[in-house]
Amino acid sequence: MDDWQCQITIQVRSTEIDVNGHVNNAKYLEYLEWGREEWFEQNRLDYDVLKREGIVTVVVHISANYHREAVQNDRLTIKSRLVSVGNTSLTMEQLIVNQRGDKVLDASLVIVTTNPDTHRKTRVPDVIRKCIHGAG
Amino acid sequence: MDDWQCQITIQVRSTEIDVNGHVNNAKYLEYLEWGREEWFEQNRLDYDVLKREGIVTVVVHISANYHREAVQNDRLTIKSRLVSVGNTSLTMEQLIVNQRGDKVLDASLVIVTTNPDTHRKTRVPDVIRKCIHGAG
Amino acid sequence: MDDWQCQITIQVRSTEIDVNGHVNNAKYLEYLEWGREEWFEQNRLDYDVLKREGIVTVVVHISANYHREAVQNDRLTIKSRLVSVGNTSLTMEQLIVNQRGDKVLDASLVIVTTNPDTHRKTRVPDVIRKCIHGAG
Amino acid sequence: MDDWQCQITIQVRSTEIDVNGHVNNAKYLEYLEWGREEWFEQNRLDYDVLKREGIVTVVVHISANYHREAVQNDRLTIKSRLVSVGNTSLTMEQLIVNQRGDKVLDASLVIVTTNPDTHRKTRVPDVIRKCIHGAG
């Protein structure tokens, strides 16, 4: 796990390959979401828990660097960590590596916490704050 | 068209909506690709032309800001322009607005031109250089 | 419109093409759903109306014949009609043709009406029954 | 494996869930394709082998029955078998069950073998014929 908090491994499937024979740039953002879902679940922060806390998380910024292509049957590991928490936003970093350890993609995301009724930004709850990388 | 070089309008379809009732963050990257495809075609730079020039284009960086959610039946306009060309890379900007004129997403992409056989970076051909925004 | 009740036309986009250079067999089922959504909306049977009638529609059977491949930029017309209504189910037929009038796919679907709370089958409401092809 | 020739198990991911909170009917056809890819690979019939045999396989008919919904994190097992071979076509059956053993979907597909250059139907090669269920 090195310096990451959470990881999942997935296999690239035939329908995830585009006409160029590799994973399309948009598909990686789905892989990243799968990795974040696991991070939230491992930290017992699934959708219902957050709703009880009065928040919904919304991605407001993604920055991604594509290093190497992925092809059918590749086994990709998606790694995630929470690196900082502001008043109403969090920053997560994610990395995708293939079965040979090559870096495929790295990304940084800004996520805001909003009130599900008013859709307004709301303070990041402590249940998330305590999950920051290196905390505790 | 204001200050953009190319635009397409699409309708958000039912299967493009996720469990939260809006377009998922990954789907927008597909919309952006649809917009860039149109840009390349309008500039007579489709896949076969580029191949004759000895290049394939590869996205190496995407930075996107999500401003507002989109829901089923929204009509989204995807606008594209080429803003700069380096030795072996180009930078494009894209904007998605909805039918009310609200900004939904803005993005900046870096695309490199590579040799399809060696996969090595190669100089951006003049057929692309002349398409830069404000040129001519 | 010939003998169909509703139709939409869509353009095949780059990310809807698979490694074989054509629309993947699964993607057509999304196109069919887009066509049915339009049929329901045209008949003022959208999700909220059905919910007030106390039902949710669920697809329980699809049979599809693939006649011809579709490629990027093809303009596909998806046609839909309701052909029969049973006690708790409806049968719809759909057809996809391309911009040259070639038949691309035809399909037949069985949809049941269920109670959203109990998930049990419930009688097809009259608001749907009156929409049957050739009625009125 | 009971009476099936091949199976894979996948986990339902967040972006595979639609606005109704379950796997959309089109997505299952992708799962089926993933299962067939594995069947072809296990039988050493991958794309390159078939190409050397002078054929490409094309799905011409799918019939699917949806028995039960699947939701995020469900673990679905996709089972596949070749049940009959005609002159230029094969019939495969597939079944999807969830982690509780519930039947989620069953399907029957007709696949034709075509010449990749002429796109005309061609005789099913013996390398496929010998893989029929119960053979040998």
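Should a chain be cited, it is by its letter among A, B, C and D, assigned in written order, with residues numbered from 1 in that chain.
In this section, a contact is a pair of C-beta atoms (placed from the backbone, for glycine too) under 8 Å apart; a residue touches a chain by one contact, two chains touch by 3 or more.
Nothing here was measured: the structure is a model prediction, and the numbers come from that model.
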Selected from A-B, B-C or A-D, interface repeating C-D by over half of its contact pairs: A-B
Chain pair showing more contacts of the two, A-B and B-D: A-B
Chain A and chain D, separation of their C-alpha mean positions in angstrom: 31
Distance between the centres, which are taken as Cα means, of chain D and chain B, whole angstrom: 34
Whole-Å gap separating chain A and chain B, where each centre is the average of the chain's CA atoms: 23
Multi-partner residues of chain A (at least 2 other chains): 14-15, 24, 26, 30, 33, 72
Residues on chain A engaged by chain D in the complex (per definition of touch): 13-15, 30, 33-34, 37, 72
Of chain A, residues touching chain C in the complex: 14-15, 17-19, 21, 24, 26, 72
Residues of chain C touching chain D in the complex: 20, 24-30, 32-33, 56, 58-67
